[in-house]
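Think of it as A, B, C, D and E in the order they're written, each chain with its own count starting at 1.
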Amino acid sequence: QPAAPPAPTAVPAKPTEAPKPAASPAASPAASPAASPSPAAAAPAAQGTAAAKPSSMTEVSQVMNWFAQAAHGGLFAALKNGDYERANLKMTNEQGGPQISAIPLVASGKHAFGMMQGDQLLLARQEGIPLVGVFAIFQTNPQGLMFHMSNPVKDFADLNGRKVYVSPTATYWLYLVKKFNLDKAEQLAYNGQLATFLADKTAVFQCYVSSEPPAAKKQGAEVGYLLNADSGYNPYGNIMATTEQMVKEKPELVQAYVTASLAGWKSFADKPEPIISFVKEYNKDYDVELGLVAAEIEKPLLTGKSWDPKMMGLINEQRFKELHDQMREVGVLKQDQDVKKAFDARFIDAAQKA
Amino acid sequence: MGTTTRPATRNGLVEWLWRAAPPVGAFVVFVALWQVVVTLLRVPHYLLPTPSLIVGAWVDRIDILLVALSSTFLSALCGFGLSIVVGMAVALVMSQSKLLERSLYPYAILLQTIPIVAIAPLIVIWVGAGMPAVVIIAFLISLFPIITNTTTGLTSTDHNLVSMFELYNASWWQRMAKLRLPFALPYVMTGLRISSGLAVIGAIVGEFIAGIGGLRGGLGYVIVSAANRLEMAYLFAAALTSSLLGIIIFIGVSLVSARFLRHWHESAIQRDM
Amino acid sequence: MAVVESPQTRTPSTPGPTSAPLILVDRVQKTYANGTVALEDLSFEVYEGQFVSLVGPSGCGKSTLLRVIAGLGPISAGEVLVEGLSPKRARQERADTAFVFQDATLLPWRNVLGNVDLPLELRGQPPRERRGAAMQALETVGLAEVARAYPRELSGGMRMRVSLARALAAHPRLLLMDEPFGSLDEITRQRLNGELLRICALAGWTVVFVTHNVFEAVFLSSRVLVMSRRPGRVVAEVPVELAYPRLPEVRTMPEYSGTVGKVIQLLGEA
Amino acid sequence: MGTTTRPATRNGLVEWLWRAAPPVGAFVVFVALWQVVVTLLRVPHYLLPTPSLIVGAWVDRIDILLVALSSTFLSALCGFGLSIVVGMAVALVMSQSKLLERSLYPYAILLQTIPIVAIAPLIVIWVGAGMPAVVIIAFLISLFPIITNTTTGLTSTDHNLVSMFELYNASWWQRMAKLRLPFALPYVMTGLRISSGLAVIGAIVGEFIAGIGGLRGGLGYVIVSAANRLEMAYLFAAALTSSLLGIIIFIGVSLVSARFLRHWHESAIQRDM
Amino acid sequence: MAVVESPQTRTPSTPGPTSAPLILVDRVQKTYANGTVALEDLSFEVYEGQFVSLVGPSGCGKSTLLRVIAGLGPISAGEVLVEGLSPKRARQERADTAFVFQDATLLPWRNVLGNVDLPLELRGQPPRERRGAAMQALETVGLAEVARAYPRELSGGMRMRVSLARALAAHPRLLLMDEPFGSLDEITRQRLNGELLRICALAGWTVVFVTHNVFEAVFLSSRVLVMSRRPGRVVAEVPVELAYPRLPEVRTMPEYSGTVGKVIQLLGEA
């Protein structure tokens, strides 16, 4: 595992309150659905302070959804800047990959925290996998569909008659098909091979708007994209989740993690350059130039339409409910579920309050 | 001495049951063990579902699975057929001389080891996504064992028999068709056994990376979508269906092989002395 | 030399026909899987120290019979006993049977020496010891100089001699030989006939010997068994009334030619 | 007659050059053709880059590629080694009787055809992501040909030789070690040739599926990240490096094979009559 | 019957030694890849219609020589001509050579009939015709009833007879035979000797015949060539002064035994 090099800028740990013993962990929303996780009602006194942390250095790890990249910037910033260390977390940032799914890795306890899309979180819960989202990285999901400017796609309805390369049964695609009657769009398997896209000027490809379009531009292609979120389907992007058990048994650890991560994200949004170089130490093949471009595109998406540090990481019931209803509508969710169990906003709310 | 040979006049059905019983028994034990171990060890179902869950998923979606199966079956079979033809042709060329063999093998290995994702765009652009690309990928993945085994087989011909054919002035074709190829059959058939499974894998990989959406996307599509939806029981139902497909093609090849070899090859005959 | 002796007196250590036979073949039938009846109602016995030859038409079941005696396959009816045991158990418990097959059956990946010392290796003898025995056997068959050659580099007759050397090196008590000298020239054959007799007398081996050469059969054996065409039975038994040790001059004696003529005649009738 | 045999006393170096020339020549022609065809047909560089572009990319990133190569090489070799050991053991068991063969083959096929994505989470959870998982996947993918070929080989032993061993009361181990296995060697070696390439593919697929990015992520990682950034020349540089790895392991296996078979097997000896 | 004739008169159509020989072997040397010198400075010739036997010690190069005459491999020095051409060209252009190899060399996946009609099939003869010829040849060797059996179901001697039938069915003009009767019983062997002579006389075949059985060599041949041990050379040539056709009674004639004795003596000296 790549050991996090000591952050040169690290300052001695802030004096913090001694952590209070987690006296009433039973207040976990998963355990007691009655407890409203709405921001206002969050943060019971026992664990609701942003400064809560494990009493001694604890080894934890989090797993990303891809090789280290700008979209993980805050998590690497927290590592590099020493935020995790100060929170008594000996953090390992584990990179993901094409076929690595964080869900079983977190569910089985291999990693404490894992990165997934909001809709994946609800799917996991439908399958009885007890995961709980603790903060979201993107308020506006950066997934999109890119196309060649020579064959532009004006809006989603315009996809009819086009070859669209998307991951099989991606929920957003089912939503788009249903909402815009895309029965004449030809769906093909997305395989990560963008050469197909370059070669076929009529093709439409799924993408992260911060990642593939700039790469294609760098290769000389004139591309544009539609942001899926604009269709009305906007699950949280890259939500960080842990297990119900973790929330219940070690809330102070979760709190420490969320607080430190939030600090990382704020720092990254402020000044991405050093972090991008740090990311390259993990992802050796990373293109720093593209990374900086990505960071710039992503910055407003983190908090919606424009960068607002106070919005960073927030999750709420209304967004989940909306997502839930959309997923029900396209039949991906087979029955209603209690979305309140799918997330626990207290930690990020407390962190933001601090 | 004591041992006397069994009467050869056993009832055909009983005989068949006798032959089928051990594999079936092994299967029952296997499934039971799986169910018990997974249940006892509390392996979470999203990691490894129990057989009962898988069967449930299978029954639930039998309609989709059968359509997907037939589509994958077709692609696998076409790819397999192509690799038989091409693989044997290449082996025929390579077996002509050590020199040709040494010169051509590297390209065969190149085709075998080149990651399919690298050439997927080429394939998709040239033959189009969907079934044609899937067939090509199944073909590429299942080609090499046929080349290798057939080449070894064709170069293993008994030297005395070669002399005999030469003596009777057999033409190149006669030598191939009536001597080298039949002699190589045990090798060829072993190659086909390996390739049959690879063709199925190839079809599924093809469906992953060059397939089309929806029902005609085959088992590969079903597997990826089940994985995306975290429906592990369904995923295993599809994955095991693909294995079943592999087993069926394998059995087909084995029957053909037994048919060809039963009169003469050690591996296919039952010696009574 | 020319004194007519009964064969069982040749090795004083062997008790002769009054004791239990070493090999007892009793009304044996052998039917192959394809329905071919190779042996039917075949009976005879061999006593310890005897040298018995089998002659019979091609395809009459001689090789089958030797394999049965060696315990290399099941029979369909009747009984075969070797030292009172089933042939397989006898072979496994005594580890003293050797077989010169009709084909050379050499391991192509071993050189001549490696092939000859195989039986000793399988018995677990130490390498030095078995190399010595193997080289000696090779010298007997006149192949010491090709000890390092591989079977494919040998002529047909040389391969058969390697196979013969392998059986000799094994120092068996029961030696089964299926046309071991069929592909050897007259000179070599006669020399090896002499050698074989010498060794057998020395070691007291019991030999069942299949050959098509009636002269050879008579020269070597105390008894010649004549088999019928398939399904094979023993139709006649010709005792050879010539004393051991038999020197080459035996071939010029009238008893010798007489017995040969008798066997050929029986063969013609079989 | 006319034809006389060549003098055997040719200079070793010249001999070697003579043997190496045709493959090298073929390679030069192949590369030249590739360059010319791609240039003439104006195949866009993002579909199929020219050799010169690939070499350029290779030279540019040689440091990363070499690290990736060594990591993939290690995984492939470990996976290959595992499948040799396990594959031969399984084949040994299966060759004991037709019954065992029929009972066990289905599970071997199941392991061969089950899509790795279905069991990847299991593997990652059990042995951890990174090299252990990659080795396991390389092992799973390269296992089957060894099983199949070795099983056929072990059941093909010449019946007369089996009788001979039985006659001399060879133990089960002796029969395996001194007869069946050597006899099966041509089959085993052919199986190893197939598996060597599959182990490389397996390592790369493993790196796709369960590798870690960054520091020690082998060629699979490089390929994915190159594909993501649309750097096709770089992608091909990595892909061809993996093929090269396959070719190297293949040559290694072939040398071992020639060493074992040269004295006796038709496929390895040069007949002069 | 017992009139001594010179062999070349037996088939009136053959011109005899004054014309060009059918086979000319001139100072041939054959060295195998491993350095073994199998033949050295070997010369002889065979005229059309002759029946020439080769005898010699095991491993002296008889099989090698037959293969050279058949054009199945290169020689290291000297010259071999068949009908004035290189053996390979002669064989390819005339398509009239048959060879009974020392091993049966049957195709295990073909039944007996399929093996016997192989040469005819390779020549492109229509199935019906070649089946007839094959069945006839099988009848000659006494195997018509196992026409549908596979080689593995036959005894060693039966396999050799199948191989013999294959050569007979091919109706060659030049027949090369390498110990074809070595694994046959005396009765079958004598019957087949007679058959072979009958067919050869009828069809005017030229035969080069390797055997270890000196009686057989003398009975069949017009000339017996005696080879030395390896490296093989022709050290003696014994003309057989017995008239064709030779009936079994020839074996009782003094000329016959005399010639046999002479050959055996030469063999012993070789």
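The definition used in the following text is that a residue touches a chain if its C-beta (ideal position, glycine included) is under 8 Å from a C-beta of that chain, and two chains touch if they have at least 3 such contacts.
From a predicted model like this one, the values you see are computed outputs, not experimental measurements.
Interface comparison, B-C versus A-B: the pair with the greater number of contacting C-beta pairs is A-B. The distance from the centre of subunit D to the centre of subunit E, each centre being the mean of the chain's C-alpha atoms, comes to 49 Å. Chain geometry summary: the mean Cα position of subunit C and that of subunit E are 30 Å apart. Between subunit A and subunit C the centroid-to-centroid distance comes to 85 Å (mean Cα coordinates, whole Å).
Taken residue by residue, subunit D touches two or more other chains at 46-47, 117, 121, 125, 158, 208, 224, 227, 265, whereas all remaining positions touch fewer.
Multi-chain contact residues, meaning those touching two or more other chains, occur in subunit A at positions 101, 104, 108, 192-193, 195, 199. Within subunit E, contacts with two or more other chains are made by residues 32, 67, 72, 103. Counting only pairs that meet the touch rule, the chains in contact are A-B, A-D, B-C, B-D, B-E, C-D, C-E, D-E. Taken in their complex, subunit B has these residues touching subunit E: 158, 160-161, 163-171, 174, 178-179, 182, 185, 260-261, 263-265, 269. Residue ranges of subunit B in contact with subunit A, taken from their complex: 44-47, 117, 120-121, 124-125, 129-130, 207-214, 217, 220-221, 224-225, 227-232.
By the touch criterion given at the top, residues 30-33, 64, 67-68, 71-80, 86-88 of subunit C touch subunit B in their complex. Note for the complex: subunit C touches subunit E at residues 32, 34, 36, 55-59, 61-63, 102-103, 149, 153-158, 161, 179, 182-189, 212-214, 264, 267-268.
Every residue of subunit A that touches subunit D in the complex is listed here, in rising order: 2, 66-68, 94-101, 104-105, 108, 110, 192-195, 198-199, 211-212, 215-216, 218-219, 281-287, 290.
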